[in-house]
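Okay, got some structures for you below.
Presented sequentially are two complexes of chain A, the first with chain B as partner and the second with chain C.
Entry: the complex of A and B
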């Protein structure tokens, strides 16, 4: 006859110790202290499952990094510089349709262009030249007009910058630079 | 089979509480790692994905080891 575990408060109907009971009886104990123990053990199991989900997420990002192709940029004329007054802006699509960008003339010699999609949840940002910022109406985010860096609200990353070149009085878009800060 | 376990339930509950605390810390670290990696990826920085994935995998293996220990002390 084996010695009974002192932690076992109740005796199962067949009289055998808990270790020899079927799985379902061990996972759904009658004793309150044992039930608390099993609940905590299951919670730790759930945490480890969450940990596994984070690894899957990391592997997904890694796969996207390794397999995702970077677009090949070609030069595209955007606007004639003399058609764009100081303090005005123009929307264009680059490098392809459905990718809106904003070209802003800040001063006589300074023209900038950024992605129009907010880096928070991709709402379109609107330039407010007089306030020197791009405003996102969805969550009241704002970005600096000259640098595209986030100033307020939920966005944490700057707007992707469009690389520009001035050729014979015409502004050309020649690439897009994504940034983390 | 001897019905006596290596640790009493009271002791196992304390060990489990300590393990849960450690696992929560590691999971929060993994969450931070995932958000930081996603931020870097969306910002065009693809270089951090591999070390971040490796670090997250190590964290998971650590958690798995702790969970195995929880089941071991029940025997």
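Entry: the complex of A and C
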């Protein structure tokens, strides 16, 4: 019986020294210190590659924002103004399908339209005209009916606004303005 | 904190009285509540009441880790072979089949091999393993070499075992009588003798006849 060296490696079954062992033994060591050991070279490699991934990500974001601009909006007729009573609303999809918007007639001369997706987690907001707000039931967020600005709850950004035009008694959607504050 | 290098687990199998206290104590451990990592085996129930507590021997060349295809069984720097890494174990049973001492057990509900880790949560803080702290006959003993020399002057500790062609050295030590002169304990020797010689045991004789027929 001999006193054991605490740093001693597990002896492979054939008893030969570590240098003569197959490569996989060094890659998959049985001892915890060797299994958890991170060499300086490995650590630097990790740092460099991670930084490189961050740089690539930043470039990708930049390229996406420069190149990936959405094409100019085309106008779409939404509703006839005389079909929309004061205090009523209508849902429509603009600029494409799957992008729900809400058209609200606030008064005789005032019609607004906003994105229906809450700026918090994209739950659909519901207009509550009598209370003058859009209500999001998911986390009790609310937005101002006239401006789309957040009033309460988790949302911090206003609802994207749809630019409207009135042409011969028909309300046309002609663009979407995203706002950050 | 590692298990102190001068503290060893000593098995004195002849002192085991089969009381199952170690099994019960192991079951009560918080790290594997309700599951015992120690088992009590009968040597030859038809002839003797002798029982043997089976704990992990913590081999220097752990066969369980050697055969693990998922790199899940690791040995800490203090020589303790740990339970399979939960995230790595694929429940393939290789270790269960390969261990010469029959220690690892597969827990199918958790799909995890769990084995005795010498109560790592206790021994790494200077406490005795659960089983060694309750054993009334001290068949399971955890302490220093000096302590065991004083307590068992007629015994000596052995940490080399032979299973056929495989020789295993272990961290856990087994006490054998001082009159036993062999440097290592050949566990498989009786089986080898029985296979080569005419079996004296009538049960074994029947077995061989069946095989021949």
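Following the convention adopted for this analysis, the second predicted complex is superposed on the first by the 117 of 181 C-alpha atoms of A that agree within 3 Å, B and C clash if a C-alpha of one lies under 4 Å from a C-alpha of the other, contacts with A are read in each partner's own complex, and residues count from 1 in each chain.
FYI, a contact is a pair of C-beta atoms (placed from the backbone, for glycine too) under 8 Å apart; a residue touches a chain by one contact, two chains touch by 3 or more.
Quick caveat: nothing in here was measured; it's all calculated off a predicted structure.
Asks: Going by the contact rule set out at the top, does A:156 touch chain B (first), chain C (second), both, or neither?
Replies: Touch partner of A:156: chain B, not chain C.
Asks: Residues of chain A touched: more by chain B or chain C?
Replies: Partner with more touched residues of chain A: B.
Asks: Using the superposition on chain A described above, determine whether A:33 touches chain B (first), chain C (second), both, or neither.
Replies: Both partners, chain B and chain C.
Asks: When the two structures are overlaid on chain A, which partner does A:10 contact: first (chain B), second (chain C), both, or neither?
Replies: In the superposition, A:10 contacts chain C only.
Asks: Using the touch definition from the top, say if A:177 reaches chain B (first), chain C (second), both or neither.
Replies: first
Asks: Quick one: classify A:121 as touching chain B (first), chain C (second), both or neither.
Replies: Neither chain B nor chain C is touched by A:121.
Asks: Overlap of the chain B and chain C footprints on chain A, residue-wise?
Replies: On chain A, the residues that contact chain B in one structure and chain C in the other are 3-4, 6-7, 33.
Asks: What residues of chain A sit close enough to touch chain C in their complex?
Replies: Listed in rising order, the residues are 1, 3-4, 6-7, 10-13, 28, 30-33, 35.
Asks: So in the complex, the part of chain B that touches chain A is made up of which residues?
Replies: So the residues of chain B touching chain A come out as 1-5, 8-9, 12-13, 16-17, 19-20, 23-24, 26-27, 30-31, 33-34, 37-46, 49-50, 52-53, 56-57, 59-60, 63-64, 66-67, 70, 75.
Asks: Considering only the defined contacts, which chain A positions touch chain B in the complex?
Replies: 2-8, 17, 19-20, 33-34, 36-37, 40-41, 43-45, 47-48, 50-52, 54-55, 57-59, 61-62, 64-66, 119, 156-157, 160, 177-181
Asks: Under the definition above, what is the set of chain C residues touching chain A in their complex?
Replies: Touch list, chain C to chain A: 2, 5, 60-62, 65-66, 71, 73-79, 82, 157, 159, 166, 171, 173.
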